[in-house]
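Order of writing sets the labels: A, B and C. Residues in every chain begin at 1.
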Amino acid sequence: MNGEDFVTFSLTPLLIGSLAALACALPGNFLVLRRQALLGDAISHVVLPGIVLAFLVTGTISTWPMLLGSAAAAVVAVVLIEAIRRFGRIEPGAAMGVVFTAMFAAGILALEQSDTSGVHLDVEHALFGNLESLIWLDATGWASLVDPVALAGLPPELFRISLVTVIIGLCLAVFWRPLAISTFDEGFARTLGLPVRAIGLGIVIVSALAAVAAFDAVGSIIVIAMFICPPAAARLMTNRLGAQVAWSAAFALIAATLGFTLSGSGPAWLGSEHAVSAAGMVGTVAGMILACAALFGPARN
Amino acid sequence: MLRDALTFQLGYNATLVTVAAVLLGIAAGVTGTFLFLRKRALVSDAIAHATLPGIGLAFIALTLSGLDGRHLPGLLAGSAITAMSGLFAVQWLSSRTRLSEDAAIGAVLSAYFSLGIVLLTVIQTMSTGQQAGLESFLLGSTAGMLLSDAILIALGGLLVVALVFLFRRPMSLVSFDPGFASTSGVRLDRIDLTMMGLVLGVTVVGLKVVGLILIVALLIIPPVTARLWTNRVELVVVLSGAFGGIAAWLGASLSASAPDLPTGPLIVLVSFCAFAVSMAFAPRRGLLSSFVRHRRFQTGVHLRQGLLALAQGQPIYEPLTIRLLKARGFARADGMPTREGTIRAARAFRDEKRWEVARATPELELAAALYDGLTQIEDVLTTDQIAEIDRRMGPPEAVQ
Amino acid sequence: MQARLEDVTMRDARELATQDGPLVIRGMTVAYDRKPAVFSVDATFRPGRITGIIGPNGAGKSTLLRAALGIVKPLAGQATFFGTTLSRSRDRVAYVPQRASVDWDFPARVVDVVAQGLYRRLGLLGRFGRDHDDMVKAALERVGMEDFSARQIGQLSGGQQQRVFLARALAQDAMLYLLDEPFAGVDAATERAIIKVLKALRSEGRTVIAVHHDLSTVEEYFDDVLVMNVRKISDGPVGTAFTPEALDTAYGGRLEQGTRDPQKALA
């Protein structure tokens, strides 16, 4: 593949995929450590009804309503789960199962019912994204990177995911200490005066932002692989929190670049001219990284 | 149209699909109960998502060997194989590494699903000259289902229900009290494996009707709904099966009554409606009764604490206690007890003293454990027992 | 009885502000699932003393502490710290939770955990400087754990984990130390090290309150006790409050009743 084709067809999906993986892996560390990995599962499922709702209300696929709708859906889901757990005295896993499946079903039903003709929002796209389609048609080569006209044609998803990744990175850096303390010892955190509940909800909202920003790239289910596989693999590599987060970021980037590359070139090596799903390949690579960490990671048990 | 669907008037195929869905709903509700009581509800999510690569592989294998890739029994067999490997992957990750089961579930379900998506795109590019249509396994599709497929699903559902009936005793024992079950000679690992096998069966049977993403709802929502109504395991099982069956019947009928109404999401949403109503109104665990009972209990505790303080001449600091005492006419505006308040305080004090004696009396120990700060001792002990307590307390000088 | 009732006065809750002991608990009731774990407990803890909260399993000892600290929500009652609310006196209060209440598999080293005690000094982004490093070291030295500072916390013994928790509280440099079962499941050397630290804290004029269940060491370790079993049974100096009658009321043949452990009910 020459430079021109690379910039047009691979650069932006590669960037979007990498940023999406990174944006999910960072909060994913705390989900895994808090034994709330399945909250990532729940959040990524309820992002769909959030997006559909925003779409039904505004009639367009635009960034802010989608982000807001999904964050709202995630908060609603968490509140419902907590209410079922506390008042119904139902164990958290089952409470989650009730809420996210029902919300997901409602999203699918609304999606099937709504007239989506002309707008790019269909069920399959919602389930596993379409990373390959996020290309930069205005690019003519590496020189386009400094060409304002071509830059204006960058896919909007790139800005969305960049913004969200930066926000998540900043949140993590600023709130590192409260996050670490309240994740390790909630009772002690409370006596320090830390808003433990707000921190927990903050992790949920940040995860929802990551999930919705990654939605275009990998859809609402493979995003779980991004939330859980890199942090889980990272946990098996080290016994220090800072190092774990660094490992998870590295694993996320490796999964995204290797997965995207394999999806495009892998079939060609095997003699097929067709590419396979990039998002699927990214998730598969993330799973394989975890399998390797589980077999050989220095801190695996 | 809907009435026709509900009463099985929409033709032979549609009727058979609905019957199959109902059997599936019952099987899922019953099996899911044991899974839920065992606190492993979401393991089924990993199993369900892990079916996708199996479907893809089975299609490829069937096509490569010159058969019809859409042969349902073949696809289901393939899905069962990878689902089982997914289950073992979850168990291996959570027992052999430091990862907890929830992380293992999330990792396995997403990695297997991703692999499945890759295989689906591989299949799309295979030149078989026909639409594979495997996407229908994601969210289920009963439209245009073959008669043989409907029969297969109905039989599968029936088989799972029969197996659950067969294993109901050891499974209830294990899900209710695993510790006791293992000491009384039940092989915990085998029953767990049987349970997971049944979950796997439900999942595989439900793939075509509900789809692999939502099948977990059928395994979780009816048991949780049933649990809100009763504490008895056998009743939860029966209720859950009933809820599952009814939701499947209504959902499948609704779906058949109009185009563009996917079966899976409808069954799930009907199921969730039953849950939402139960969550609001169920006795004991429902939101409404929880709220009322909590308020009543809080008021009772505050009044009791206030009366005891009055009886012992202690100051009361809690504003709510003071407000309640005044509202009930037990205290005047200046905080002094009224005549009624004095009597009530003395009674509460006597009751508290009697409980104290009951606790120190070995033969009344069991009854004494019922103390909750509110129950009157007269409600727990007989008049003779109370007389005995009063005798031990000495003459009731100040009381009355 | 009748005469005493006439003396009853209801004071306004605002008057609590005049009570300025390190910890005053008033009318505390906590219920899990409509079953009181703590019922109407009043207690005033005296400054500069080591007080033990004594009672059988499930007597609500830990729950009382956790409710006072706002970790669990009480049904009724309140706690004041140094004559004011907890939120105004957090810098003066240090809490050592039960060792089993956290997941020791968390990816952190001993120093990382002890440094958590400096959070209120450091804030969100304050730089962790040399002096902070020295405070962590000093706290570790006081509990005899200076050689383990780089150790992963999951690799410590139970006693060592307990000492790390104590060191974290020492780093807080508080005036009131609340410890939840600090001697549960620790080795004899750790038990001696901990009690030595607690007595040193007392000699510095600080107040120590510890939940404790081993009756044989009560007289040796504590100045004051609060004997309770859901309700308060007695309190005051060990000599007057730690009596056979009080223990009889607290334990009175009900030792098997400990199955209803509030800590478990919470989890």
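Side notes on the structure shown:
Following the convention adopted for this analysis, contacts are C-beta pairs under 8 Å (C-beta built on N, C-alpha and C of every residue); 3 or more make two chains touch, one makes a residue touch a chain.
The model shown is predicted, which means the values in this text are computed figures rather than measured ones.
Taken as a contact graph, the chains are fully connected, with every chain touching every other chain.
Central chain (C-alpha centroid nearest the global protein C-alpha centroid): B.
Taking the CA centroid of subunit A as reference, the farthest chain centroid is that of C. Between subunit A and subunit C the centroid-to-centroid distance comes to 42 Å (mean Cα coordinates, whole Å). Remark: subunit B and subunit C have CA centroids separated by 37 Å (rounded to whole angstrom). Annotation: 29 Å between the Cα-based centres of subunit A and subunit B. Within subunit A, the positions touching two or more other chains are listed as 35, 89, 235, 299. Counting partner chains per residue, subunit B has residues 98 touching two or more of them. Chain contact summary for the complex, subunit B toward subunit A: residues 36, 39-42, 45, 49, 92-93, 96-100, 102-118, 120-122, 124-125, 135, 138-139, 213-214, 216-217, 219-221, 223-224, 227-228, 260-262, 264-266, 268-269, 271-272, 275, 279, 282, 285-287, 290.
Residues 33, 35, 89, 174-175, 177-178, 180-181, 183-185, 187-188, 190-194, 235, 238-241, 243-244, 299 of subunit A touch subunit C in their complex.
Of all residues in subunit A, only 32, 35-38, 40-41, 83-84, 87-91, 93-98, 101-102, 104-106, 108-109, 112-113, 123-124, 127-128, 221-225, 227-229, 232, 235-236, 263, 267, 272, 274-277, 279-284, 286-288, 290-291, 294, 297, 299-301 touch subunit B in the complex they form. Subunit C meets subunit B in the complex at residues 1-2, 4-5, 7-13, 15-16, 26-27, 29, 31, 34-36, 39-40, 42, 75-78, 105, 230, 248-249, 252-254, 257. Chain contact summary for the complex, subunit C toward subunit A: residues 33, 66, 69-71, 87, 90, 93-95, 97, 101-103, 106-109, 112-113, 116, 119-120, 122, 124-125, 152, 154, 168.
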